[in-house]
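Below you will find the structure I want to go over with you.
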Amino acid sequence: MAYSLAELAALVGGRVEGDPERAVESIQTLAAAGPRDLSFLTHPRYREQAAASAAGAILVGPGAPPLQADLLVVGDAAQALARLIALFHPPRRPAPGVHPTAVVGEGARVDPTAHVGAYAVIGAGSDIGPGAAVHALAVVGRDCSLGAGAVLHPHVVLYDGTAVGERSEIHAGAVLGSDGFGYASAAGRHTKIPQAGRVIVEADVEVGANATIDRATLGETRIGAGTKIDNLVQVGHNVEIGEACILCGQAGIAGSTRLGRGVVLAGQAGVGGHLTLGDFAQVAAKSAALSPVAAGVKVGGIPAIELGKWRREVVLRGRLEEMGRKLAELTRRLAALEERLGAESEED
Amino acid sequence: MAYSLAELAALVGGRVEGDPERAVESIQTLAAAGPRDLSFLTHPRYREQAAASAAGAILVGPGAPPLQADLLVVGDAAQALARLIALFHPPRRPAPGVHPTAVVGEGARVDPTAHVGAYAVIGAGSDIGPGAAVHALAVVGRDCSLGAGAVLHPHVVLYDGTAVGERSEIHAGAVLGSDGFGYASAAGRHTKIPQAGRVIVEADVEVGANATIDRATLGETRIGAGTKIDNLVQVGHNVEIGEACILCGQAGIAGSTRLGRGVVLAGQAGVGGHLTLGDFAQVAAKSAALSPVAAGVKVGGIPAIELGKWRREVVLRGRLEEMGRKLAELTRRLAALEERLGAESEED
Amino acid sequence: MAYSLAELAALVGGRVEGDPERAVESIQTLAAAGPRDLSFLTHPRYREQAAASAAGAILVGPGAPPLQADLLVVGDAAQALARLIALFHPPRRPAPGVHPTAVVGEGARVDPTAHVGAYAVIGAGSDIGPGAAVHALAVVGRDCSLGAGAVLHPHVVLYDGTAVGERSEIHAGAVLGSDGFGYASAAGRHTKIPQAGRVIVEADVEVGANATIDRATLGETRIGAGTKIDNLVQVGHNVEIGEACILCGQAGIAGSTRLGRGVVLAGQAGVGGHLTLGDFAQVAAKSAALSPVAAGVKVGGIPAIELGKWRREVVLRGRLEEMGRKLAELTRRLAALEERLGAESEED
């Protein structure tokens, strides 16, 4: 199956620079692409690789440099790339039906258009919506719900009462609804505070492999619609995450913290408990936000401070050696002056 | 089912300020509670929310401010909260018995009061104690033991030889007994050092979702009684953790390190290998203890130093720009003096 | 079964200092070993423990101190230890054959010498090589391949198209081939970029428990032969890792980054996206490499800089208080000089 470059341009609302009849059979990386492939240049750091690529055609955004290949020029190269990969690699939908080995609890409802895989276990009273998929060996506790088109990959575990919204996708090994980490400590003993709340994942959320989201002590831990969570992220009990946030790999959020809309936590970032991060706040990679962050503010460092200030600190830290030398030199010169003036004084 | 506030006070050894006949039907967060609910104020940061809450009654510790709601005043609000949540949300005990799909290996003993869920796999020679629960799809290797009342949530994996003590609870996806990370490296090749030891988890331990605890190379990796481990924590081979420690989310401990009793690792903290942390030592969030920590000492930073010193460093780091300016100013003023005195000298 | 010390020496190419007829029945830690056990001293930090050990014999490298015990002296104690533990604890090979409860998809090939455990699920078109093991409840997607002798521990998940090389061992709960974290963001919405590539794990790789390795957007995420990856490590999409690298616990690598051969990431280290780390580069524990690292260079800190420079920074940070004091003192002394000279000027 091949498309002409002009057809692809029409599909993504772009224009062709070069041969509109160029036949495209697949989409490939710059390194792997050949004359019958489309590749893409979505970041300037790959310009040299694009110039050296054997790709017949390259998808680019506005202002891209001239290249050997025919160009498919669009306003937003990342959006067009998403569309074109989906064209060449249409998602595989699992067949509707419940595998004969799946265990479905009493009173659970599985929509006839949903897929339930081998050895999946669905607890009593749960509700699996139209077109949803519970893949092999996933566990859905009691009284859970899966919205239309939601997907649980193999080995996902939903504890009792967890709700996953429409079209949300939970990757393999993720655990939603495990007990929050709460103890009443006295006399060297930690008494468990029962965790009686639940986890609500709204629509269009993605949760990465082996990520963990704890149930609330009471009430809800909530993940807002359209939020994307990467692998091995930890979300503590009673956390509330707004819409369209981005939580990168291995980030963590301690209990009862609230993130506004569009908040970004970069890789391995941490956020302390009982804090509020305003809309569109950002925490830099490997940083730890241990106090509230106002809307729109970017922070970095441990503990995190305003990002520009942190960057200056990093530069200044690098000058500590030089500062120490200058200080020693000033000390010497000042002592010399003092000695000389002391001598002069004696001469008086 | 409703309780009077006086009944609840009797249960937790507290007293009522307000109407002892106040009927309480459930326990809720400050935001969700209504007139027939009890809520709680366990931290001053929530005072305003407590004042604004519609809760009919609020559990408080000593010295709490006056509130609109009737008060249930106790000596330790967190302990009372634990008791009261358990009252309104009694834990669900899984029914005794082995699910017909569970695979139980040769010579394994499952107490008749224990629960073994669907598709759980129990290895030869293992021993599941009275009232213990092996939930759906959990894997117990060969020659493991589960003490009375211990719980393995779905998808827990115990490698061969792992012992889990009485009443300990292991959350979904946690892996106990995986091979330690040990290689003999020479000439650019890493030869695996077989990991022939085991993991011992003592009584009343809790291990969080997707946490990992490696088996010892030889001997034991040991988690002391009453220790609580949060999600995604990593414990290396041959680590020995004392009693009643607290390891918060995403913390990690490298191999052969020993933690005393009551040690606290805050979120995302790390501890290097072959170290000793004394009783009640604490490592701050996002910090890395790379040298031994004496008993009772709190450390922070990377590498971690005494906490007070680290906090001063953080403050001083924030003054680097100012220090640089002062240094430049002193340099100017000193040069001016030197120039003037040089001139004076010439006048002599 | 007992060996004489002389037999063990012959096996590992070492020599005996002491009684070559010493009978050795097992290998134990220094603390646990008795007169009929061999123990080992592979690091000077355990010299005191070795001196106090009741072990009948101790394995040591060249230049070890004299000890009470008979010594087995070798050129490389770690390599000999690996060999000797394997001798006393031979690895248990699971029996060939497919458990009757395993689900094997259409067109999948399982070598008759391979082991497939209870409730394992193998997707259509996959290929399980000779002597390979797919343990209980592991999931192999469609069109995957497992090389000869490769091992998937319980609950491993391979997404479609993943290849695992000969003798590679994937520990429990690890997820290979989950979707990379890629979105096209516009107008506050994150559109998923389909992740259509795959994961290739070459031969002799070890992947730790609950580690995650994402599939490429297009093309491959690749783990080089002989590389060892510890628990809870995250490897982003399109990452390419060279041969014989070491990635310690909870380390993470963002997307499209390339590691050369023999690279070491210490515990909880992070590496940014789209970077290159040259052969034998090393990132210190808890550090974040956010720019490229040249071959052979060791870096530390956040952001990571050359290791020696970072260590000096750490020392200098510890002197900030003293620098502040010196600066204040110089300011006072300079002001005193200025005042005096001002006075002297007036006297003129």
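Labels for the chains are A, B and C, by order of writing; each one numbers its residues from 1.
As a convention for this text, contacts are C-beta pairs under 8 Å (C-beta built on N, C-alpha and C of every residue); 3 or more make two chains touch, one makes a residue touch a chain.
Since the structure is predicted, the reported quantities are computational estimates derived from the model, not experimental observations.
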Equivalent interface positions on chain A and chain C, same or different at half: different
Rotational angle, Cα trace of chain A fitted to chain B, multiple of 5°: 120
Separation of chain A from chain C, taking each centre as the mean of its C-alpha atoms, in whole Å: 24
Where chain B touches two or more other chains at once, by residue number: 119, 137, 155, 173, 210, 232, 250, 268, 302, 317, 320, 323, 327, 330, 334, 337, 341
Residues of chain A that touch chain C when the two form their complex: 27-29, 31-32, 43, 45, 76, 78-79, 81-82, 85-86, 88-89, 91-92, 101, 117-119, 136-137, 153-155, 169, 171-173, 206, 208-210, 226, 228, 230-232, 243-244, 246, 248-250, 261-262, 267-268, 285-287, 301-302, 314, 317-318, 320-321, 323-324, 327, 330-331, 334, 337-338, 341
Of chain A, residues touching chain B in the complex: 103, 119, 121, 137, 139, 155, 157, 159-160, 173, 175, 178-179, 181, 183-186, 188-194, 196, 210, 212, 214, 216-219, 232, 234, 236, 238, 250, 252, 254, 268, 270, 272, 274, 288, 290, 302-303, 305, 309, 312-313, 316-317, 319-320, 323, 326-327, 330, 333-334, 337, 340-341
